[in-house]
Every structure is written in structure tokens, then in C-alpha cells.
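Report on the following structure.
Per-chain residue numbering starts at 1, and chain names A, B, C and D are given in the order in which the chains are listed.
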């Protein structure tokens, strides 16, 4: 193997730059040249290619976002567009593609492989922690810490003013960020897509707690559960003074945490190693404290998440 | 003077605890006892009083919110309610009141003074920096740093995805947070209540910049300018892919910055000193690098803010 | 089981308060009363006992240090002193003891169990990540993030001034913090107790890199490897302009990270569950993404750490 | 004026990049071209020149250090070397020089002006806040916040373990960082170069406080006061268990705070404006809430610092 390409696709996630750096430097150590593709699959189509050497990734480890830029490409779902992309790669003598992104990005990579037999490897770059086959995705830990900081700050006001806050966190269809952020932020309740929650019951709990002297209350809501606005509407039927905070896009930015930088480093290495082992369509996962590679077609399956234990724990810790 | 009371009122602001600590310890150094009043003016009415000694304020310097709790009290606008509050103070032999809060809280203190001749002193505790007679209010610097961190993070996504973001910051009717956060965050544009802004013109500038290769754009909007939702609506007529982030209540929480802790310390001392100098209705301000006291009736007048110079500078720095 | 005691012992670590909160609230959910012991084993000896209810642990989740205070107790190594401690527990009808601490604290708990058959359970509270049988200890992630922030900042100067920095991190005899902080901070080299490192060779690498245009260089050194001062002395024989930074005690403080708060929550629950399952001398560990309990006598054995893979990766990523 | 040069010199300070950005963009707005000089005065000597346009300073606002790199140049004290530097500027048609740095850098600029009549303007870039004629220097606020964060963290251990800590902060011969950090960190005592402090007396105060139940104690020491090691030695004669933390170079790095970014923006503009007003040798200062320009020869005089009021306040707040 002499030349590979790398792209970031979908929403940006903290740690993407660390994975890029790792892929580039580990490849270089194995005498493989790396071509950076700009703006995800769009760059494949438009041939937005640039050579990236080991010194081009200096000092990017602490930067949020992705130096390769990213995009969501609708065009790439069309086979003829993919064909053009593949030909662009062939023209450049690129023998394999590393894709850093989430579920949609993985599906793009798998199509490219299925259609043209191009070796591909996926690194799970998404804050949502919703990729099948890996216990952690790149960016999840940083996003959680950002969410927790915000919760800590809102709690200052909630406590000082005896207020009830509904705080929306990201996570698309997954409740992962919501559940972990609730545990870390010490939230009193959490609403996730995976569980039906009765607003009336929550109100009862709040009223009971208030009668016992506990006057502030924080409820974390996953964006996939319907959103803070919808629930605020429901809550306000019972209780008028609920405040809403939507943490929003800040969760996707910032310097990556130690764990996400570490994950970027080991996953980047594992991605190059997988290609060197001649794997054709792999995803890199984190399992039992180490990076490993597994079939990409496993990775694109829906992740089954069971939060029963943690939801029970949140209840106990209120 | 043997006994004074202290309360925090209105929205909480970082640094309030530092000011409380300073008032309590400086008073103690002058053999004055301090009574803490819970929940702002509501606590005056309901006699929510508690003695606070110098050791009761240990380790609160780094905590957000206010240990005294705070509230907004509508009742206090009624004279008979204020009378009851005054009598509660008299019963407890409290000779003066320190109020930490914003404009509304100041007005409450002034009424109390005007009606019953109670010596009062105000410390400007509000993130909005909108109190007349002081260059800085307690909490402004911390809120700005929180807003800037959020802008920095959103910028990672904006840059990685070539996006346009509308970011709403707090500040009530003031544009102070918006202007300073724009300068510190390197935002491309800012919308404040004090200035009419044509959405069409902003769009033109964005399009022109895009044609020159600058593809991401961040616009800060003060909540008092109409809010992000309203403007998003206007923007979307011209440009569909604008994202909105409302930084929200996080701006009011968190450990205070160095400057706000410093301000809390020197303003707390100045407040006690003003009472010792027999001042009857003073506000504490920050002017030319030092705390000073001035008439409370000056402080309740609207602050004239002229952002011309800074708005011009933001334009130049884009 | 009706009453248990809890103490924190040895150096404080971020997340200890989260584990205390979890033990107290989970115990309360199971109708078990919890007695807090002040200052570690010293408090057992001196009967520094206080009941802690579920509301006493409100809002401690975001606080560094330990609300129970901690100490290192030499006295506790003596059997007659331990006997007195045991009798103090018996007098108070305390049926089991939860100990949060590192290796030395675990040994104390095991002695107490071995001598008097008291049920004990250990939660690994130490930033050093050096407890056998667990992939992570409470505080490690936070300490790493603090160390990484410091490295990021020092790197600004190193890069701006083309300097070589030797940065000492904590970790006692373990190289864990040093290795992970090097990966996350993008350090060029790392010196740990587990590996002999030739200063002359490092100097050669630096000189070679400088000749190729890479002019700044960061070397992380574990305190257990001999300390920054010793190595600075060695380096300065070859190269005069090396700067030293010892990150120091800051690594032990601060609000815990998401992961450490999470770990505190699940380990606290697992500790209470272990006692409810009638386990007599367990330690709580983190393995394969979940908390589990295992024999305390396994936990006190030396941890075998193999950093070969990660050290190799650091080399590749330079 | 058609072309100016800019350099950063001496120790790097947070906010330098913000000032560079401001100078470059404000100059560009006035149709002035800017040449960036690498490595301070060394770059003038070695003609390390590069044109910097408005887009070259994108996204540097949040980065620590200086994109121009910095150095301390001994050579520049020699007149013939300065002559060469001046000729290098003339060759490039550079009509004026902006210098961002501390006292030594200012002296270099003044010499260049005095010898060859080159218009120069200084921006006070140093964390030490020790430049005459300005209430704040660029970097001071950020360095203070870094120091305060470290103190907050050390306090967690001090409080949890009843310990006495001696924490050394930067500041060269100035006590500014030490005094402000003590106030913001809630330190019990502070040792600065400007004041003789008796170690025996401090020990007495600590012992007295311990007898009253206050068991932890934090003493901030300015590096210019003799250093933590020297004082630790003195303290240990009386009290064995004192711990030392040297915050070190982290104080010079990191993303600048809001205030330092703001200062960089307004000072950069004022520097260009001063040149446009035909000023020949100015320094930019911060006075009474705005940037202003004043004679550079005033700026190089020693700053008289009077900390009496603040030292008294620290005593009261203990």
C-alpha cells in the first residue's frame, strides 16, 4: 500500500483532528502517503484533494473541528456520483479510504466498497455515541464534559432561585449524552427517546420534593425525545415557572478531552493497521479498554442501547 | 454602627458570593455584625434572617450563584409591604442594608431609604453591565468569558462546515455583552438594541465575503434586540442554512473570574466603608481602576451607552 | 444491614465526593444508614463520626476534594490501634466499612477485615491509576485533563519561543498519567519509571528534529522516574536551555470530569450492592465498560502495567 | 504611510495574537501593508520578514502564544546591530514599527527610534502588568485566571487534608500577579518583593488560626520575592509539613480571556491610529476604561506600584 485518502464527514466532532494526525503519522511511519479530502464525500466528488504530510498535522491536536472540513453530501447516495468519486481516487492512485464520521458516513463508505471493491475503514467520529460495535465514539466524552459544564452553571441559578430547568442536550436519536450528562450533572430527571415519560408524574415528584424542602430541579432532555420546546409546553400546563436551556452546538466544538485525543490516537493507528492487514471494509471500535477492528457492515446496523441500569441509578441518586 | 443586613436580589450573577464574603469580613473587622437575608426582598418581608459570621463565608469565593439565594419580589413595590420589611429590620436592631443586585433591586433599596430613612448601599450585581455610574458590574466579566467560550466552540463547527451562525447572548436591554463578546469571539457582525440593523445588508456582506473565500460567519445578537428566533426568521427569507444557538442561562452561572472576584472584594469593602462614613443612600461603582461610592439616585437613572467606537472596530476587524 | 461507615483515605482525588454521594443515596434507598468518618483511618481511631443523610450530599458532585476530609495514618498499621478502631465501629453498631482510597488505604481495610472479620469494600480513589484489577481509578481522568491543559498552555510558549520543556506530572511509581498525558498533549517524548531512557539519545533526537525545522520539544516525565530536577540536571549537560515545569498538586484538585463523576456514581452503587450481597472483603473495579466487584486481596497486589504499545505509538506520533 | 512592520518580543503573553490581528486588519482598512517579523528583534536583524494580510490572521484570536514567534535578543543592545536592523527595514520600505512586548522590548524600540528616527509604537504585551503608564498589560488578566484556577485546585487538597501550601506565581520583579491572585483565590497571605515579610509572624498567624479551627492555609509568593524554594526552607524551620506548588509557565499560555482579547483589539487599533497621527515614539496604555497613547519614554520608566490598599484588604478578608 502506497497511498491512502482520508476524509471527515457529517457533523464535526472533537477528536477528529487527533484521528487525522494519527492516521497521517502512522501511515508515514509505514511509508504510506496520505491525501486529505476536503468537505467529506463532496470533496471526493469534486476532487478536493491535498497531500498531508506528518508536519502538516502539527499542533492540531488541541483544535476543535476538522482541518479537512466536513459536509453532508446528498449527492453521494447516487451510484453514478459515487462512480465518479471512485474514479477520482483511482486517477490519484489512491488505494484505500479512511472515513471519520457517524452512521451516514459509514454507509457512504460501505457503498463505495460494495460498488467498487475499494478498501475502506471507518473511525467513529460523532458526539452521539450511537455507532454499533463500539463502546465509545470520538467526541462523546468532550461533548459530555461541555454539557456537564453547562449543567453545573445552570444549577447555580436553579439553586440560587429555586427554579426548575429543562436542559436540552444533543444526541440525535440516542439518549446516550442525556443519560451520562444527567449522571455527571446530578440532574433530577432525564427524558430520552428510548423511554416513555409521563410529564404529570415528573410534576408530582417535583411537588413532593418541594414539600420536603428540595426546591430546585433539573431535567435533562435528549433532542431526540421531542425537544425542550415541546416538553416545556407540556410542563407549563402544570407548572408555569419552568425555564428552558438548549445547550446546542457548543457541544460539538472545543478542544478534545484527554480521552477523545487518546481515542483519536489509538483508533487512527488501528485504522492504518487494518488496511495493512488487508482488511477490506472495517470499522474501528473501542471495546474493553482497547481499539479493535470489526466488519463495517456490523457497524452500520442500529445500536441497541439499554439504559435501564443507568436510569435506575439516576432515580436512586436524586 | 453595630449591625447591618445584606441581601442579593434579582437574577444571580457570578461574584455575588465574593461580595457577600467581603462585606461580612470587612464588617467583622469593624466589629459590625451581619445578618444575611434569604431570597432578596422577599426575605425582608418574611423575616428570613440569619446571622453570618466571618467563618460562614469560607470557601464560597469560587462558587457560582448566591449563598443567600435570590428572588424577584413584586410585593416589595407596595409601600405597606416595605413598611413591614422596615419594621422587621428595626425589630432586629439592623441599622443599614447592603443590596447586591441590578437596577430593579437598586430601586427597591432607594424606596426603602426614601420611605424610612434607612441607610442603604447598593453593589451592582448583574451580568448586564447596565448600571449607571459604574464602568463594570459584578458578573459581567464572567458572563462574557462564558459567552466567549461558547462562541469559540460554535466557531469550530462554523469553520469546519462553512456555516452561518446566529448566536444569542444575554444582556436584557443592554448591548454590552453582545458587543464585548463579539470583539472577544471575533464575530463578524453584531445586532444590538441600540442600533438598527438591516438584515438584507448583512446578507449582502456575507455573500460578498463568500465570493472571496470566507465561508463561515458568526453574528452575535443581544436578547434585547428582538431575540435570535425573530432574526432567524428574517434571515431565512434570504438564506436557508442559518443555524441558531442561544447561549442562555449558563452565562449567569459558574465560578467567577479573577476580575469579578476582585470586584466583589473591593466593592464589598467600599460598601462597608460608605456606611461607616455615614453615607445614607450610596451605590458602589468601578471607575478608573478603583471602587468608589456615589449617590444611589444617580445609579438608578438609565445608563447611556455609546457603542459607536466598538461597533466601528468590530467592522474593521472582520 | 442497617448501618455502614464510609471514609476517604490517602491523597484526595477528584470524584471522591461523587462516590460518597452515591454510597449515601444508594444505601438510603436500601434503608441503610451511613456514618461519615472524618480524616480517614485517623477518624476511625479518634471516633470522628457523623451521620450523613441523602440531603447532606446535595451539590457536592461538582466539588473537588472530599467532604469527609482525608489523611494518611501511620498509627493504623499497629494492630492495637486497629482494634480500638474496630471497637469504635462496634459501639456505633456499624456493620461494614466503605473505604475510598489508593493502595495503602486498601491495605488498611484488608487488615481491618482480616483481624476482626469486619466486612469492607474498597473504591479505588486515586489519580495514579495504579490499583490492580481495575482499568480506571477515580480521579485519573480528571487529573489527566488538568495535566493536558497545562501541557497545552506550556506548548504555546514552547512553540512561540522554540523551546524545550521538561514537564513533570504526578503518578507516584506509575507511569500511567505520564503516558496518557503525553499522548493527549502531543508530547514528543516521555520518561516513566518502567522504562530506562537514555538522555543522550533524547538529545540526539531533538538535535536531529531541529535540523529538520522542528524546533520545540516537550518531554513528559513521571514523578516516579526520578523527578524533573534530576533529569534537568542530566539534560543540561548536553543542552543549556531546557525549561522545567512541575504541574504539581493542581492535578489532584478541581471539579471531577464526566467520567470520574460517572465512575463515582456506578462504583458507589456497586460498593453498596457488594455489601448487600454479603461480600466480605471486596474491591470495586472498572472493567469492560462496567463496574464490578472482586476480592480486595487481589486489589492490593501490585498492578502490572505494560505500556509498550502506547510508548511505541507516542514514538510514531512525534 | 504605506507599510509598517510588527514584531512580538520577550516572553510570550496571551492576547499577543489578538493585537497582531487588530494591527493587521486596522492597517489594511487604512490601506497600509503589514510585514510580520519573526522572532522579535532577532528577526529584524536576520530579515525574517513576511507579508501578513487580513486573512492570514483568521482564527488566531483564540490561540495562545504568538504566530510571529518571539525571542529575547542580546545582540540588539549593540548599536551596529540595530543599524543593520534599521537598514533592513529601509530596504523593505517599512516606515514604522509596532512592537508588542514588555519593558526590555520597549527599550529596544526606543533605541531604534532614538538612533534612526524610525517611528515606533509599543503595545504592552506581558503578563507581569509592570509597564509604567498603563493600568493593564496584555496577558495579565489571562495569566491571573490561570493562576486562580490553579489556586482553586490546590485549595481542594489543602482543605481536604488540612494542609499549608506555598504557591509561587510569576510576575518577575512585580507583585501584581501575586496580589490579584491572592485576592481572587482567597489566599490567606501573600509575599511580594515590595514588602518585607517575617516568616515567623506568618507562622504565628497560622498557629493562632489552627487553634481556632481554621486548619488549611494558602500563601501566595511572587517569584520576585525570592522564590518558593527559599521561603519553603525558611518556613520548614518552624513547621515541617508545608507543601510547595510552582504554577510556572502555564501562566503564559492558553487562549486569552475576554479582557485580553478586547485589550488586544483596542490597543492594536490605537497603535495604528497613533502612527496615522504621525506620533514618533508612543506606547499604548489602558487608562480609565479606554486605550490611549503616551510617550514611549514614559513607558520605559519603572512603574511605581503601591499595593498598600490591596494588601490591607487581603488581611481583612482572611
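The working rule: a residue touches a chain if its C-beta (ideal position, glycine included) is under 8 Å from a C-beta of that chain, and two chains touch if they have at least 3 such contacts.
Bear in mind the structure is a predicted one, so any value in this text is a computation, not a measurement.
The minimum number of touch steps linking chain A to chain D comes to 2.
Using the mean of the Cα atoms as each chain's centre, the chain most removed from chain B is C. One finds 28 Å separating the Cα centroids of chain A and chain C. Computed centre separation for the pair chain C/chain D is 35 angstrom, with centres defined by C-alpha atoms. If you average the CA atoms of chain B and of chain C, the two centres end up 39 Å from each other.
Multi-chain contact residues of chain A, defined as those touching 2 or more other chains: 152, 155, 159. Screening every pair of chains for touch gives A-B, A-C, B-D, C-D.
Here chain B touches chain A in the complex through residues 8, 11-12, 14, 39, 63-66, 69-71, 146, 149-150, 152-157, 159-162, 165, 243-254, going by the rule given at the top.
By the touch criterion stated above, chain C contacts chain A in their complex at residues 21-22, 25-26, 29, 55, 58-59, 61-62, 135, 141, 144-145, 148, 152, 155, 159, 180-181, 183-186, 213-214, 255, 257-259, 261-262, 265-266, 269, 287-289, 313, 316-318.
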